[in-house]
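One structure follows; several queries about it will come next.
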Amino acid sequence: MSKPDPMKTYETHKCRLLRVYGLTEHEKLFLFRFDDPEIAQSWRFMPGQFVELSLLGHGEVPISICSSARRMGFFELCIRKAGRVTSEIHKLKPGDMVRIRGPYGNGFPMDRFYDRDLLLVAAGLGMAPLRSVFLYALDNRWLFGNITIINSSKLGKELLFAKELKAMRDIATAENIEIIQTATRDPDWGGLTGRAPTHLDKVNVDPTKCTAALCGPPRMYKSMFEQMIKLGYDPRYIFVNLERRMKCGVGKCGHCNIGTATSWKYTCKDGPVFDYYDIISIPGLI
Amino acid sequence: MRYVKLPKEKVCEFLERLKSMGTLYGPKKISEKFYDFREIGDVKEVEFEYNRTITPPRKYFFPERETVFTFDTVNVEIHETMPEGKPIILFGVHACDIVGLRIMDSRFIDDLPDPYYQIRRENGIIIGLSCLPDEYCFCSVRRTDFVDAGFDLFLHLLPDGYLVRVGTVTGHKLIENSPEYFEEISSEDKDNFAKFETKRRSMFTVQGNWDDMRYRLELHLDHPMYMRESDKCLGCGNCTLTCPTCRCYEVKDLPTLDGTGGERIRFWDSCQFRSHGLVAGGHNFRPTKKDRFLNRYQCKNAYCETTTTSYCVGCGRCTYFCPADIQFKENLLEVYGTGGGA
Amino acid sequence: MPKKKIIHPITVDHIARIEGKAGIEVILDGKKVDVVNVNVFEGPRFFEAIAVGKHVEEAVAVFPRVCSFCAAAHKITPVLAAENAMGLEPSEQTMKMRELLYIGDFIQSHTLHLFFLALPDFLGFPDVFSMQGAHKDILNAAIALKDIGAHIQTVIGSRAIHQENALIGGFGKIPPKKSWETMRQKLRSLHDVAEEALEQFVGFPLWPEVEADRVHLALEPIDGTYTMFGNTIHASDGSKFKANAYQMRISEKVVPHSFAKHGSYNDQPFMTGALSRFTLFNDRLSKRAKLLARTYEEYLDAKNPLSNNLAQAIELIHYIHRAEIMADELASSIKPNERRVEFEITKAATGVCVTEAPRGLLAYTLKINKNGVIRAANIITPTAMYLPMMEADLRRMVEGLLEQGITDSKTIAQKLETVVRSYDPCVSCSVHVARVK
Amino acid sequence: MERSKMILPDHEIIEECRDVCRATVGVYVLTSCYGCQLVMATVQKIMEIANLVDFKCFYMVSSKSSMHEPVDIAFVEGSVSTEKDLEELKEVRKNAKVLVAIGACAVNGGVQSWSEGDLNYDELYASVYGDSKIKYKGLQAAPIDSYVKVDYFLPGCPPEEDEIMYFLSTFLFGSYPEEIDYPVCAECRLEGNPCILIESDAPCLGPITVAGCKARCPSFGVPCIGCRGPVPHDNSWFDSLALIFRNKGYSKDYIRERMKIFCSFDKNLEERLEKVFGRKK
């Protein structure tokens, strides 16, 4: 292995915002392109990885890449308006420039997903990183068995990518893909209700040969795990995507530190994707 | 390893020589009781018998506050402000602090190295200095009381000078280039060195080895010590800011008044502060003082693969400089199961 | 009883460019001036009451908060009063540093008043900001002078306002030789700049309407020089009295239109401040200041409050010179390791101190119990002392203008504001208010 | 005191008009020593600021001032100490997009906000004015957020120049300042000072006082008197510090007096002191 180049660690690239799509009241989808064609050509990422997006003068935030890993030169970020930087990102217009560094983090170990069924369970913003996995699976459809995606949120109108998923219904059925969208606390919602774990009976995957990727608020994981293990899912194939405060994204600034004395982790480098056994052996992870 | 002797009467001249090579930093007495690493103007100010400095040596490679780049918001361009790479000569570093620097290296010069740190570190010369422990030291149980690596030269006190261990090529060059200051060691020197080491070892208030501390700690995450002690805590961050291996930092953008430019700075942060675990929307991963207190105990006792020690090197700063007088060592021992005191 | 017919009330709701909140209210009865009030509606802060119960060390940290323009004055005076109570003798070096710190305050305060607050009146601008185009040089001078005032106070006192380094018994940290040398160099380069204010104000007429005989009170400076410390108060009526007995001659009373009390000397309004100091002790000024004062004698009229501006400008020159000499002395004599005098309070006592603050006499009386806790405090500030005189001058101004047939209330109001500003009132100081037994 | 959560400002900051027009700024004063304004008026870059923004109100330096104009950013100095103050404050709030409390008085009530025996306004008034009447009505000095919503707090007595600049530049940039939630001690360490609390048992309030002054006073060897007020979000550990002071031999009264100077409005103070000393008689 060649010696790492320190100057590359924090190297940022200029990116142009091409398009903005409003998804929900608080989330927008942003399509970016690298300004430098060479970077655009060579830049790669894995589903589950994230970038650090800088708005000079406002700050920098970690954001999961939510587009397909196959689309070269372009990438999409789904961003919730949450604070200083993200509110400012929401004001960007096509043509505006930002600076991006990354991709960082381990990403999902996609090779361990091959030739198995795939279950994706997202709650709220968790859909962002999982969309990247989902699109990856669609792009490489032959590498995967049956696919189920459970997309949940509190209110129906808060479901991320709901329209996109709905539009896919017909192809999905043909392709053995089950799409389940559920709103947990919305009296006006016409579709399915209840939390994600309650819909595990509607999946089209075989628990014994399925890989699962989950992303949502920490409290979702516990009930999900219990349920899944009861149903016979193999814990070695359950992955989650975690979140912590982050500044550097490369294991330096310490904000994303988690764990205990025997297992001290940096969410950004050792994660953000962890598997079930990480979770149960590292107290405090979720 | 090569050993030479620096006789007492040559020490000042040797320091002068070091000073001529770059900026020399060393321990100085800064108040009635405290010492700190400072730039050395007059080599007579160097304090050879100090217990511990208030700020750790890492500050020379990872400054308290630095500009990482300046930016131009109109063209969305950045200009990184890299350190100049001037030689930094750090004299008088104790063994534990040398391990501390190696722990810093393990995090800052990994597969994604931090250029700001790395450039400074590559321009650093480290001269170690032997010491005798006081009641706050517990480097012995951390296996950091004696070092084999991480220094260019290491000076061990003899009655009439110093026994010098040479750790790196830079160290060899230093000696080759100024042979007039050094002598070969005699058998008497060897005896004296052994005597000093024996004496040093015997002086520790805790003995043994704490390699299994991390397991014991983990088994007792709910130990009442955490609640009791964190109640006394001020959350002031002194323990982490003085620690030779703490390295959390915070980042902030400072736009200029007219908004066309600005700078991004980074500065030391502490896991003892509320905002350390706070995320957008108001959720805090470490919401209480106890959570933050526990976090430090876990982090410091975790295992560093590079040095094969814990992240805590046992320098005693976090206790010595704690305004609330919270005893790290004693608290660890309490959880460890041997009760308070050694 | 004749019915009051009020025409043209002249009011200024909020006088701009002074420190503190006050308005002017003039009520006319026919052509006669009935009421002239300076309404002080700056909220009261009860300093003398809130000091009670606090340890004397905390109390002297609280007092500067009376006023930001003369924070050093409100630090050093109570510190001296406290030391006086304890019978503690500060070292010579401490006194020198205190004096220089105080001078820094004078320079800052006079500069701000002359350039930032008063000058726009005379040059016809609403504020200094709008003077940027036409009067760049003046502004540069103002900034240079303000900076040196702030610099002196920061080096000695820890910051330009509310200096925490000045303590009972001495200083927390004593600046090293190098700091004093830098200070001296900076001061040396400001000789010419210091004369800028004088040049600006010399050309402006002293309005005759406010000219009137008046009593001036000022502290006789120690050691024959011109400075802010002293033990005896001189009055321009020829009498003298011990400063620590000030309460026998100077009294305060409450008036309904003001949160600031009104001071009087032997029950008469009087003036205090730069003009009073100048009038009584101008022969002690440093050479250059004295020379300039002689040259412009006609503008330094003890009967006319507008001369106060000029007197401040003269003091500015004097203090820049004096500060330089003192910084020079300190550079060569400084003992950076001198410790604060340790003290322990064991018996109850009362201490008094009167000094000359930039705006005039400032008196502190502190009563301390045997635990070092303040039991009573009395502060008299210059603005409270001269408020009645200021109201009298305003009345004269209105009357004079009306006599000349000027009745436009806006014109009159503007002129009144200028008169008020020439006093450089410090309204927030004045609302410190005294404790009534 | 509950600080507004600085999670999301519910106001659009001025960025929309930045190229077209200048941001409007007002500097208002209630009851105080005028120090905050003095610092604002004399920051090094004041002339540059004056060119970049339009001061709609700044009584201390400009005759062209009015309380009644709308502004983008309002800096309010001083505590609410009279009914007139309160009226003015409400007017300012109505006219301002962003309201910043500047200085110890506005943020924490200032030194005037408490006295021995916690006298109320009438008692204080009587102690000073006797039974004489004044036509203005005073109120017990209080921080401004006890009456109106405050968007940002800029503490200090007086505030630091670099913080004022930071606040202004972030506002003008369309962003907002980051809040400090750690104590002076942290900065004291970064300045490389020896700790005088440990070394000479000085009653330093650094551990409970919010940082931002770069440990100005301890850098001079002077114990912090807490002029910047308590660390926000209930992270001011009066109890821990009181325990330390008590162990060093300070009396309860002394500790309370000292801590209260700039913290008298912190709702935790008495409660946390009680934890150490027991209930007040």
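The letters A, B, C and D name the chains in turn, as written, and every chain counts its residues from 1.
Heads up, the rule we're going with is that a contact is a pair of C-beta atoms (placed from the backbone, for glycine too) under 8 Å apart; a residue touches a chain by one contact, two chains touch by 3 or more.
These figures come from a predicted structure and were not determined experimentally.
Ranking B-D and A-D by contacting C-beta pairs places B-D first. For this pair, subunit A with subunit C, the centres built from the Cα atoms lie 66 Å apart.
Taking each chain's centre as the average of its CA atoms, subunit B and subunit D sit 37 Å apart. Rounded to whole angstrom units, the spacing between the C-alpha centres of subunit A and subunit D is 43. Averaged Cα coordinates give subunit B a centre that lies 52 Å from the centre of subunit C.
Residues of subunit A found to touch two or more other chains are 57-58, 82-83. Among the residues of subunit C, none is found touching two or more other chains.
Residues of subunit D in contact with two or more other chains: 7, 173-175, 178. Touching pairs of chains, sorted by label, consist of A-B, A-D, B-D, C-D. Remark: subunit D residues 7-9, 15, 173-176, 178 touch subunit A in the complex.
Listing the residues of subunit B that touch subunit D in their complex gives 30-34, 36, 38, 54-55, 64-65, 231-238, 241-242, 252-259, 262, 267-268, 270, 272-275, 280-282, 289, 321-325.
By the touch rule above, subunit A contacts subunit D in their complex via residues 57-58, 81-84, 87-88, 91. Remark: subunit D residues 29-36, 38-39, 41-42, 46-47, 50-51, 55, 58-65, 67, 78-82, 84-85, 110-112, 114-117, 119, 124-125, 127-130, 132-136, 138-139, 141, 157-158, 216-217, 219-222, 225, 227, 254, 257-258, 261 touch subunit C in the complex. Within the complex formed with subunit B, the residues of subunit A that make contact are 4, 6-7, 9-10, 12, 14, 56-60, 82-83, 86, 97-99, 243-245, 247-248, 250-255, 257-264, 269, 283.
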